[in-house]
Amino acid sequence: MKKELEKRTVTGPDGQTFEVEPLIDYYCEAHPTVQPPAYSKIIENLFNWARSESIWILGFGTGCGAIEMRPLMTPRFDAYRYGIQWRPTPRQANLLIISGYLSVKTLKRVIRSYEQMQSPKYVIGLGSCTINGGMYWDSYNTIKRLDDYLPVDLYIVGCMPRPEALLEGFNTLKRMIRAGNAEGANTYAANFDWYKTNQKRVIHDWDMPDYNW
Amino acid sequence: MVSPLFIIAAPLGTAFFISLFSKEKQRLAFLITLAAMLLMSLVSLHWVFTYLTSGPVDYYTAGTLPPFSINFRMALPEACLILLINLTGLFSTLFLKNSLLRMGRLSMAVLLIDIMSLSGIVLTRDVFNLFVFLELMAISTGGLVLLSEDNRAPAAGLKYLIVSQLVTILLLIGIIFAYHATGTLNIDGLTVASLTHSTGGKLAFFLILIAVIAEVKPFPANGWALDIYESAHPSFSVIFSVASSSAVLFATAKILSIAGPEWLPIASNVGIITFLAANLFALSQTNDRRLLGYSSLGQSGLVLAIIGQQDILGDHYLYVAGGILLAHAVAKAGLFWMSGIIKGRELTDWTTIQGHPFLIFSFATFIALLIGLPPFPAFYAKWELIHSLAGAGRFPLLAMILLGTLLEVGYLFRWFGIILKRKPDGPGVLQKKRHRKRMVIAATTAVGWGMGYLWGTLSPLGHLFHATPLLFALSFLLLDWLPARIKNSLAIAGLVGYFALQYAGYNPMQLIFASVILIGGAVILLAGFDNTGRRIGFYPATVLMFAGLIQLIEARTSFDFFAAWEILTVGSYYLILRGKQSEPHALSYILFSLGGAFLILTGFSLAAQGGYQIELQMLGTVPQSVAPWVFLFLALGFMTKTAAIGLHIWLPGAHAEAETDVSPMVSGILLKAGLYGLMLLLMTMGKQQLYGVELTHMLLWIGALSALLGNLLAIFQEDAKRLLAYSSIGQMGYALFGLALMNHLGWLMAMMFVINHYIYKSMLFLSIGGVARRTGTKEMYRMGGLLKLMPLSFIAVLIGIIAVSGVPPLSGFGGRWIFYNAIMTSEYRLPIAVLFLAGPIAFLYLFRLIHTIFLGQLKDEHRRIQEAPFWLIVPQMIFVALLMGVALVPGVALRRVDHYIGQFFPNEGGGLNWSGMTISSDFGYWNPVAIMVVVGVMFATLLAWLLFVNRQAQVVKQFNIVYAAERPYRPETTHFAWNFYAPYRKALGFLTQPLVTRFWQTVTDLLHAASDLFRRIYTGNGQVYAIHLLAFVVMVYLYSKGL
Amino acid sequence: MVLVVLAAGFMLILLGLYGALIHRNILHMIVSFSVADTGVNLVLIAVGYMPGRTAPILDSNVSVADAVERIIDPVPQALVLTAIVIGVGVTALMLAYAYRLYQTKGTLDISKFTELKW
Amino acid sequence: MQQFEWIQIPYSLLTLFIVLNFGLLLNALMAKIAARVGRRRGIPIYQNYIDLIKNYGLRTSITHGIMFYLGPVFRLAGGVGLLLFVPTLYGSEMFSNLSFAGDLILALYFVFFGALGMALGAGESGHPHAAIGVSRGLSQMTMAELPFALAVFSVALQYDTLTISEIVKAQQGSLFHWTLFTNPLAVAAAMLSFLGSMMRPPFDVVLAPQEIPIGPPTEYHSSYLALMQTNRMIFPIAKIVIIMNLFFGGATNWPIFFAKVFLIYLFAVFVGVVFPRFRVEQSIRWFLIWAVPLGVLAIVLV
Amino acid sequence: MRVLHAQLGHHFTLGELVQVRADLAFVTLPKEHLRSAVLHLRDICKFSHLVLMTAVDWLEEERFQLTYLLHNREKHWDLGLRVMIPRVASHMESIHDIWPTAATYQRELKEMFGIDFPGSPGVDESFILEGWKEIPPYRRDFDTRHYAEKTFTQREGRKTEDPAKTMKAKLYPDET
């Protein structure tokens, strides 16, 4: 455990000494809860339609696929036409794209970003490395199946799919959202412990709360 | 009635009688000396009463007329001086008991002869007899110097004797040739025979005069006196500095009466040079007795200068010279005796008296006596001296006297600051159980205050002690043993009661100022209930400040105004000095304030045109030749108090280092005194031209610049209180700008600022003080995230910054609205551009204040902080309510003042009409209630909607932030507070160069360097001192030739 | 005749002052000061002298009646007496000081006693 | 200057509705124009509506404390207030909104209401980048507001009044009665400072997307962000209304209003699309060198 | 390069020079001489740039081979200094004071091979593998495939074809 996270005794300005437990005092330990859809079907459909039409992607490129997302912003492919845009902070993002091999160290950061996104949120895995480990199938460092650690809605196959494939992937995602079965956030909340045990088996120095709000 | 000869015969007889005693009966001999001294003092007291009424009476020895007999003249001045000499002698013998017993009965005899010779000098009208008594004094002084334990004393004694030999030669030749020229030795005879018309007579008179002046220790030739002061027994130094100086000064006055007025300039010039040089050298002294020596030389130089002004002072001459002489005498005696009971000789060794409140009180009294602060005689004396000098047009002398006094203020208050604030260490321990000596000091303090009262009754301008607020403040001195809470409620009751009594008599403008001072002061004093214990010295100082302030508002004449100004300065100085590291800042505060006060004094003396005071309303009728100068001096004086740019360097330190509940008082209320002065000045004198430059235009620029630079400097401060202090400079700049606009709405804006600034500045200072007390630090980057722990302080600061920034719903916007309407009709455009920039800059430091303290990351050690103490919160909440009130209904405060100001600008119109809820001017309209309602409704609906949508929002803690997928390291590294506006400093940093501070720093460094350089002329060698005396004689002779 | 005495008196005064300001030894200074004192006394006497008159002593050959024409002005005489007495007093005190200073510092050089300065 | 009647409330709500929709479409149009400069097709015209609905529709949200709540509320109240305190259409009693409450100065100072509230909310989020963004924004705003204040003051001096409707009345009649022609210096200064307050590229170091991830609103999301987006739609138009009334002759009916607002907004977009982003001290120096002298000349020569 | 090798020979005991290209050569030298040789090369022979620091695991001879590749900018020469250090409890003096960049290399070598460089700044901080419990993975006695199967859940039905065979079959179907 890092030094700055250990429990330490601190003396206040008025001389009173007390314990500071960083992991409890600095972080909220609540676990995520399953979020029910809107009270009436019509409203939920409207919301789903709006969610599908304006997908905000988190600018977090993990592997070699990130380079494929750049052309989507250029005039040739122009993802803005589909209401898609890139947001720098996970708070405002709805879609997390894991583009390529995911080392254990990056997985820890991806989990933190994913948990900081607001539900409903979706995950797309790009390339074969996220499906079955790809060419790093025997590496000691990269994970082999993404959906053990994060609820993945959609895989786009290819050892780095081209931008057209990405656009097609987005369209399928739009259809899934409109159909209402892109509830990755709720599945994550539902079997939260299963995901956590998987993650903890791979990430050894777990120096953060269970759910990073 | 006892003949004056008694005062000569009695000590002589006792002296001889004592020497008959055998060795063992020392104690009896001491008692007899004491009895003799007591008898002489009683007799002289009796003389003072008899001669109060009857005129001067001459007594002839040997029964014949003067040419062949010595005549003594006894009149009121002589009686008073003899009383002073004998009282000093009595107290000194009391103080010298041990050394006298150690040295044996002969030293008592010498002491008696010394006192006798001094009385003789005062009484005798015969020149040769004067010589005899001078020589007696010289010999007895030589003898008494050996009383001191210091082994350097004999060397000093020898130097003194060498110099007295030279004086003897000069005096004897002078006397014999005067006798040769006129045939008589009597002073009246010499005047009748007009000694100074014949050339030989002129030379003889010059020799006598210069010999007597040499005894008064003039500037180049007073090295020997300093060595005596430093090494002799302190009680003897009292006799030397008080008794012999006064006697010799009176002798000089008698000698000068021989010659016509053309000889007076010699005395005044020698005197003023001695006064300035002594005070300048005192700046770089570290030994306490040598410092007191320099100070007494300075004071006797001042009295000599006053003797030189006999021609213009007329019948007030005795009152003025007497006032300063007696004040100097009491103060010097007291200080020397205090140095007697302290072992260490360094200034810092005096810190041992920190534990004794009475000794501190007497030290403060003696300093006030010396400088001439209000309740004491030197205040009246200096007031009349300066007025007569201004009347006669002798401005260089006036300027030099004030500069010398300012130097005196410098080193005396520096010493006071060292005593109170430095940590007591080293050998300066107080001598144990010296009740006798402490009784003597107590008696001197009592005499000092008594003289203050006496001079008040004698003064034609009104008695200071008759002002009830001052009496109320001084009564707190006696009540200081009560617990703090009782005194606090007493003070609040006093303030509110006085307001209830007096508010009917005020005009609307005075009503606003009085309510800010009294009611505002009472509300801030509520915070005083927070401390337990007795809080020695706080309440007298606070109530003194408030007394000064309210007397300032009620003052009708220039004398009352000036007295009130100095009272509030002194009171606020003691308040500021209570802060922990406030010593240097309090010193710079008192220097600037008293410098400003002296400027105001010059201004009033110019306006009085030779009279002794002027009605404040009559300031407008001052003739055009002198009016611009009066305006300039008064404006500069008032601007030291409102800390306009250039005179502002005292404010940040003074307000930041003061105690929690002192900062709001000093910042919220005290700055208004300067504003009231400026308001008064502009009301009575209107626009003034000096060398073609429009003075109010200059004020406009100064106001604009201080607004801009005040706000700009506030941005880059790391210390919260310093930030608020600089923001006060900015706000005062705004008010000054409003005043200088010289139109109806400009003044209304200034009044609005007076109210607004008081409310939000006191609130902000109280809340920051509460936070600083809880977190133990004032550095903003050390705090952070206190919103959840100190919610009430947060609300106060939030409302405060919204008001200060001028954002619509709150009262700040009112000020800005009136400002916009005011500048529509002003004829100067450029300063307005500077002020437009100053407006938004206020946002920067306000946001920095609230962000770095309440928002951002909470540090580990602050996790268990409670809310600020209850009694600090109560006044803050009152201020929040007040702010809301002024925001919603500004008319209550401003309507009557608006009409009152209207009468000063009859033709321009420009007033506001307050019909219904909308306030409209010639250009625009403003409906505060409507704005508040609209903003409130919008705010409430949106908040309700947001709360409804986010009803199950997840409350998270401080590290749940999106930190680029990483974990924040520690709260200290994630709280952005240090060097908050780095890019702004890169862009506009060049404006915040500390030019003014550097300027004042070089001024003080120059003074210290000059003082350290020129004091080297006292090389310590006796022969060199003799050469100094001869050179002095030659120089004065050449100067007198030129006359 | 009177001028000669006056000139002698002034010469003595100047001589005394010169001696006092040149010699470092304190005793030299005291001696030269007493020389200056005698010079002053001489001047006092010279001023009071009237040619052709006798000393102002009322005895057998100068009776009270004709004293006014025959004696010189008595007042300077009286002043000289007092001046001499005072001169003695001051010189005695200075000698006592010289003795005490020699005891403390073992030297009589005035420029050695400069602890009290500035 | 009329007194308050209850009918003014529905009227102002109507104005608010019109301006909100106009803002949503106008911003989308501006985004499309900026995209077309990069030869991209840009976002669909109705995209802002969708974003709003999506943000309102998000299911979860977190809060850092009461002040975090108040940030967006202050912001939107500031934007809406600025719009309603200024008469939108000249002469029409229906669309002079709540301008009875205060005159030009109220509008000038109400701009800071939103900025201050936003700063406080961002501060409460505890994020260092939010505080850095706010400090940059406030520093830049002090210098950006100076030429605007000078221009406004010179216009007030020129027409000798502080009420907006009278200024607009003075500009009626032909095109050449506009302040643009009668007092060009003031208009130049005002337009330069208008760039500074529009959060467009040359002066958008406050949000600085990707650099300090969008500055102050870093921690805001779902419904808070929705509130802020509605303000992003209304605030520029409210500011342009003031500029239009003061300098470009105001609008007597809606079509003129839409045209003028579009053109003025276009000016800011064109400059924004072409120029890279200034650092804070560069923007301050730029304003000091170019905009402030124009303003000072304007008030001196009025 | 030969001339250089001869000169160095006077000062240090050198192995023989392996000339790979005109401008690239390797030479092995004992562990103690390394620091002085590197200093000599840097200051006198103007090899001012440390290109890289790697290690090779000779499992059979129980040796780690440390290679320091230096580059001479004027002559565009690359010289590799090889040092053989024992595999067990292996440590080497740090050269971070000569080239600060070496500290990062040394940190990586410590994590990946277990070669300790006492005194190098932050040498034992985790570089890539946070909380790694196994033996340093670059050592040849560490079986990565076994570890991968043990720790990571595999997706069933994954089969790997040898790319050469699959492409051959695809392009030249008739030859198989």
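To keep things simple, chains are lettered A, B, C, D and E as they appear, and every chain counts its residues starting from 1.
Keep this in mind: contacts are C-beta pairs under 8 Å (C-beta built on N, C-alpha and C of every residue); 3 or more make two chains touch, one makes a residue touch a chain.
Values in this document were obtained by computation on a predicted structure and should not be read as measured data.
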Point to revise | Touching chain A and also chain D, the following chains | key: B
Study note, to complete from the structure: By label, the chains that touch chain B as well as chain E are A
Check your understanding: Starting at chain A, what is the smallest number of hops through touching chains needed to reach chain B?
Key -> 1
**Study point:** Most remote chain, CA-based centroid, reference being chain B
**Key:** E
**Study point:** Relative to chain D, chain with the most remote C-alpha centre
**Key:** C
**Study point:** Chain-chain pair with the highest tally of contacting C-beta pairs
**Key:** B-D
Review point. How many angstrom lie between the CA centroids of chain A and chain E, rounded to a whole number?
Key: 37
Study note, to complete from the structure: For the pair chain B and chain D, the C-alpha centroid-to-centroid distance in angstrom is 54
Revision key, fill the gap. Distance between the CA centroids of chain A and chain C (whole Å) is 114
Revision key, fill the gap. Expressed in whole Å, how far the mean CA point of chain B lies from that of chain C is 51
**Study point:** Interface hub residues of chain B, defined as touching at least two other chains
**Key:** 954-956, 958, 960, 962
Review point. Among the residues of chain D, which are close enough to touch at least two other chains?
Key: 60-62, 213, 218-219, 222
Practice item. Could you list which residues of chain E touch at least two other chains? Key: none
Practice item. By the touch definition up top, name every chain pair that qualifies. Key: A-B, A-D, A-E, B-C, B-D
Revision key, fill the gap. As the complex stands, chain B meets chain D at residues 785, 787-788, 798, 801-802, 805-809, 813, 816-817, 820-821, 823-824, 829-830, 832-833, 836-837, 839-841, 843-844, 847-848, 850-851, 855-857, 918, 920, 923-927, 930-931, 934-935, 938-939, 942-943, 946-947, 949-950, 953-956, 958, 960-964, 974-977, 980-981, 983-984, 986-988
**Study point:** Touching residues (chain side chain E, partner chain A) in the complex
**Key:** 126, 128-134, 137, 142, 144-145, 147-148, 151-155, 158, 160
Exercise for review: Would you tell me which residues of chain B are touching chain C in their complex?
Suggested key: 68, 128, 132, 135, 138-139, 142-143, 146, 151-152, 154-158, 161-162, 164-166, 168-169, 172-173, 175-177, 179-180, 185, 226-227, 230-231, 1015-1016, 1018-1023, 1026-1027, 1030
Practice item. Could you pull out which chain B residues touch chain A in their complex? Key: 774-777, 860-865, 954-960, 962, 965-971
Exercise for review: Name, in rising order, each residue of chain A that touches chain E in their complex.
Suggested key: 103-105, 108, 131-133, 137-141, 143-145, 148, 198, 201-205
